[in-house]
């Protein structure tokens, strides 16, 4: 079937992409001053100890050898051991990846469930008071810095009202404890992409409502509500679905600040800490994870897009 | 001959309020269609013929558009007074409409079967899905779409221009309306396919018995299909009469000049006589007779100042021009 | 001597698909056309949408590279030439598009747009002389000199088409391709542009390839008319000859299906069966045979060529003998 | 018929949500009931209770022979024991080694071990384990980061199961202190270490300590549980038997504000690494109070004397160094950023052996005018009138390096302002810790802020002995006289002689103004009221948690937030259900 | 002619003028910071440390007793320069690559776009993290880090607008006249893809400023004691409970500036290119 060939074509592209991402990352890592050996040894340790530690971590090998081992090991599926924790990188990453995915998914769900209806209503009641109110709200939504929202949420919900805990993860979201812990960070993440989704749904809905086939639908005598839901909504949601996918990828990469502030054990924070600690295998593993998730999401978005819009062929 | 007309539009006027100012799209449109008759509403683009058609079914979006005055009598009742719910009853059941561009008039993401069956489900409350499907296939086959049964599941983009227009007509006629409004149905089609559609519409009157309001800018199409013709210019109906009278013996200067300025296939024309100037802008229409700046027969200081009334020359023959007496 | 002669010109657009993009088929837009246009002659090209008439126009001007065949312009074959040595050819040829709005750069004033050909071919040294020439051209097509600095969006459809014509005449070319110049204009304005084209053609002895699906417009303006169907010319004759007695079955149906604005002449006209076949794999032998009602079994095997049945009248149909 | 199907699915979504919430609440209830119900405030220590503590940096791993980061030390001290420990008065007290004798030439140490100690895996504690641990640290292939402490050890002999003899190449009076200090002396279980090899300390850890390793989630949590058979606690501690606490959990919370909030919310019992800025907050907050302790932590600015690889330092000129020392307002820093800290007069903390109060009269105090005079004399005048002094063309703008933590940046900004008052410019460059130390070793700077925790005077050896260049002697100070005196501090057995030589070195450092010592920091913990910590003494802070005990905690108001969470969940599920349904039904 | 039309559009259009007035206020604040600020932003006064907003200190004082209001004025300079410089960096290099890829097509297009994919697949903040960690913390490095993130976005946008312009007939008309591809780019392509780029740059300046603040927040921004909004918020994090205004005022100032840019960007889009959606 054409779809399978299309998916294969996209997946084939992942191999060179991983290779390129690896190389770029390796270049960056060699340029960064300082190394982990200095951190592990106490500041008072003499240079010989640091040399010995570098020896053990394999940092003394010539750059080319390190690079080749570094790149080929990914394709062998062995991401190596973290310098600090001495645990295999894959073990650490799996848990953290799931936490981040969980946080971003809940955030995204809140944004979508709230965003799409708001956008549709704003489009239907165009230029009414409601529409103007939504538009200004959206403008503020995309202008406010994320860390400000987070600090304020911690201050208000965490401290003064004390409704929800502000740190750590309380377990999977189907337990009440897990839910209590995820609500605040998810709400903050939702706030930035909620504005984007509302604005996009509104503009794509306005486009669709000005199309000819909406006029045809009305000329058949259908109720306005039916025209909106059956005819307009489906067409309007196609571009929205694409952007939600892209937004998810974008958000997934940028949860560092949220995870640091809410002490959420996600992969964003792991990357940030491992860069600070110069833990090369962990950095490489985390960035690869994020890049892979990004690619898979883009592929999913395209497939959903093709599935929804019958006009486009898989070429 | 003069029992009550099926639809009569009297002095309709419609304005559009947009950011840059007020557009008076239709200032004084009046014509009537008798049962089982085809009326051609002919005029250049921007003369308000589409707006008139849309205002009959009240499909104009209220915020920018506003119907200033006039009456639209359908079977004696004025459509402008009807409530939203009543108008919805009429749309698709009594009066239905087809549009110019078949490419964008069908919803690209819904199947053909679903879109055609929508009015049937709504207006003919048949018992079960099976009956609706049978009726849909029947109407599609009637409109000349081959293997209609198989095509229900397909999407509009798989159809050619002609097939899509046939689907539109099937959709419009699925509830046997007594009036079909066709807004430039064949403009975007090739000549040969245009002929097929015209032939199909001519047979409608015989098979379904519905009268048709055809809106077009092509005199040839109007001549081949319509019984009576109304010519519109800058938002007004300037001439009304039977097809033969209007085309053979046009009275209004605009109709005369227009007929002389179009190339003909059946007559060898040495030199076309174009009408000077261009279509007036609906934001600031010239006062007096709208056509006076471009009219070769303009009478000094009457045509510019006084707005001509629509006078009745003979039975069923109207013209809006000072040349024909006070 | 013919100004431009096309011998067996073909243009096939490849279709790619599969993981490593490989060609799976061709859209045979122009499939073997031999046509010649003399100096000071208007050749009308009629055909339904999708028959390849626009592609032929663009190939003639080398906007598209022909897949096969040769094009002789003033005796020189320009089919295979590269861009730089085409400059002299491009100086003598011009094109007018259908949608005047999108063929004028919205961001530059019309003076600049009309001046572009002069600037490219370095006709005049200083700007003043060039501007003077542009103003002269604008007046030629019925616009005023103070329109020089205006932008395209401030003009009506008819005026924009006049600007395009002025731009086409800037280098006083010998050969102009007009691709549906009037079909996007209002009826009353259409006549003005047709007359303008006719006068300019007479004044500068241009030869025009007038491409359109509006048959009455072609009849009015052209000396000779060619009918195109699915990438091939099926009939070619003088203008009054072809309208008086069309021979090819397709031409007959095509000309008779044009609605005449005379309510009395409403005789029944034969309808064409079926739909236009897809140009990717056109029917074998005579391409019109699936829709032709006087189709013989022979029509299904043998491919007819364009035969001369009378002086200056060519038909591609087996039921007509070649009168030599 | 379509309508009905929709509503049923929505109802289903709601009921599932309600079910989950209820089960969650019930789950909540059970946890609470296991607490002992007696609520009267008990006087004596009560055993039981899960003790949770929050730290900023993460634990590396738990093999004391291969790690030395501060966070790992807190945990390894609870899992392993060392031969000797520091008493409250910083004297060496017996722990696993009951008694020990030192030969008069200081070349041989003989330890007699306890007989009742056992490893977590059941192996009895013998001298063989001590030999195995020390050999493992000294073995070059192991690349142990603390090998340099045991350089002078020749070899370790074990005549019988419970005596250990350590022979030294050269006398080093600090061996006992190194063993007692932090985690250097912790003994690992040889059997488990061999068995797990590389993974020892990563996935499993086995020692003789009061707590046993239980579980760990890297980057977020680490838990140890009570070792029931533990009876061999060091005699100097208040509790030598099994610890009172059931378990200890370390939670990694990098964000200080979040640590404070968790403390006040009662989710954790103790918050480490609290910066002085939050002291005021801790005092006001109810249910918690700050616990101040003296962590033997000295803050100082180190000057650069010799040329670095790309830059010749301005501080090579001693007058500049003196002027900087005069110009720094040490009291101002203490008052606003380091409440509770005591002004440093020289290198050693007053309670460290080797400190001598006589050093006070050599120390320079805050005197901006004197600083200006020193600079004027040295020829540093403001010729081009841009507010900073310059001399033969070179502007006096010091390049200062610091870490990104808020306290470090605050101190540097304050110093920058102080120096600008006397006409000395300062550019602050912030580096994260990895690059900070390696750039410091390269030497392309004039001044950098440093704080280091040490429990014995040997720090002077590392800072000023020429053999220690380029690191940790980053000044670098290379002078034979100093080297000779420093050798005496280590080799001589006569303590008075060592005291005099320590004093000489400190006097030399102050006279040459090699560093500008600021203050001795007062460590701050946030501690919840129902936690009782017997003693926090300088070197080991919470002395392996044996003595700590916890009152039974009262339940906090979590019922309210549980319901709120439940409501949101039901609402969300419902909304989700109908919108997904909406989309699905449209796409058929 | 076209200028006059744009001018009267401004006056009629309220939110555009709001956006522009916000930007003007910030520019004035940035340029005349020394005159407007009541105190020297770097002058420390420990006695009035952490005092709330008062007549003498409109926005209160920070942990060093420095006047927050004057620091915000000085901070305007840095934040605006970082935002605009990063976007210019992305605009010039990014759209340059995009136009070449769009117009040339074929292999160069494939290679360039795949490189952009690589940059896109590494999340923005992580890339900035690595760049700042590698080159050290300074304003030019921050500009470089944020600029690199903007690169792929500009490249994609300019490539897609060039592709859409190429299909327009006036390009085909120029080719028919015989103008070579370099002149076509110079005269037609560049002018027409200017408006989508202008719109995107205003909107992206907004997100560049937010990114700069986020970088400082993570301790990777400008070194102390520079007065930069992101750094001020980061430093004030510890005093969240004692002095919340230390976090609120800088963040509010960032919010209003970003709002200004968004307002202008939205109106520009409606005015210049209503069809442009992203």
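List of remarks:
Note that the chains are named A, B, C, D and E in the order they appear, and that numbering of residues resets to 1 at the start of each chain.
Everything that follows uses one rule, which is that contacts are C-beta pairs under 8 Å (C-beta built on N, C-alpha and C of every residue); 3 or more make two chains touch, one makes a residue touch a chain.
Everything quoted here is computed from the prediction, not taken from an experiment.
In summary, the chains found to touch both subunit A and subunit C are B, E. Ranked by distance of CA centroids from subunit C, the top chain is D.
Centrality annotation: A (chain centre taken as mean Cα position, compared with the mean over all protein Cα atoms). Look at where the CA atoms of subunit B average out and do the same for subunit C: the two points lie 33 Å apart. The distance from the centre of subunit A to the centre of subunit B, with each centre set as the mean of the Cα atoms, comes to 53 Å. Rounded to whole angstrom units, the spacing between the C-alpha centres of subunit C and subunit D is 86. Those residues of subunit A in touch with two or more other chains are numbered 32-33, 154, 159, 230, 234, 260, 276, 308.
The set of subunit C residues that touch two or more partner chains is empty.
Of all residues in subunit B, only 54, 57, 59, 63, 88-93, 96-97, 99, 101, 104-110, 118-119, 122-123, 155, 157, 168, 171-172 touch subunit A in the complex they form.
Residues 42-44, 46, 49, 63-64, 133, 136-137, 219-220, 223-225, 235, 237-242 of subunit E are the ones that touch subunit D when the two sit in their complex.
In the complex of the two chains, the subunit D residues touching subunit E come out as 255-257, 260, 275, 277-278, 280-281, 332, 335-337, 404, 406, 409-410, 412-414, 416-417, 420, 427-432, 435. Considering their complex, residues 32-36, 38-50, 52-53, 55-56, 82, 84-87, 92, 95-96, 109-110, 112-113, 116-117, 154, 158-159, 162-169, 174-177, 179-180, 183, 229-230, 233-234, 237, 260-263, 265, 269-270, 273, 276-278, 308 of subunit A touch subunit D. Put simply, subunit E touches subunit A in their complex at residues 114-115, 117-118, 120-126, 129-131, 133-136, 206, 210, 213-214, 217-218, 233, 237, 240-241, 244, 247-248, 251, 254-256, 258-259, 262-263, 266, 277.
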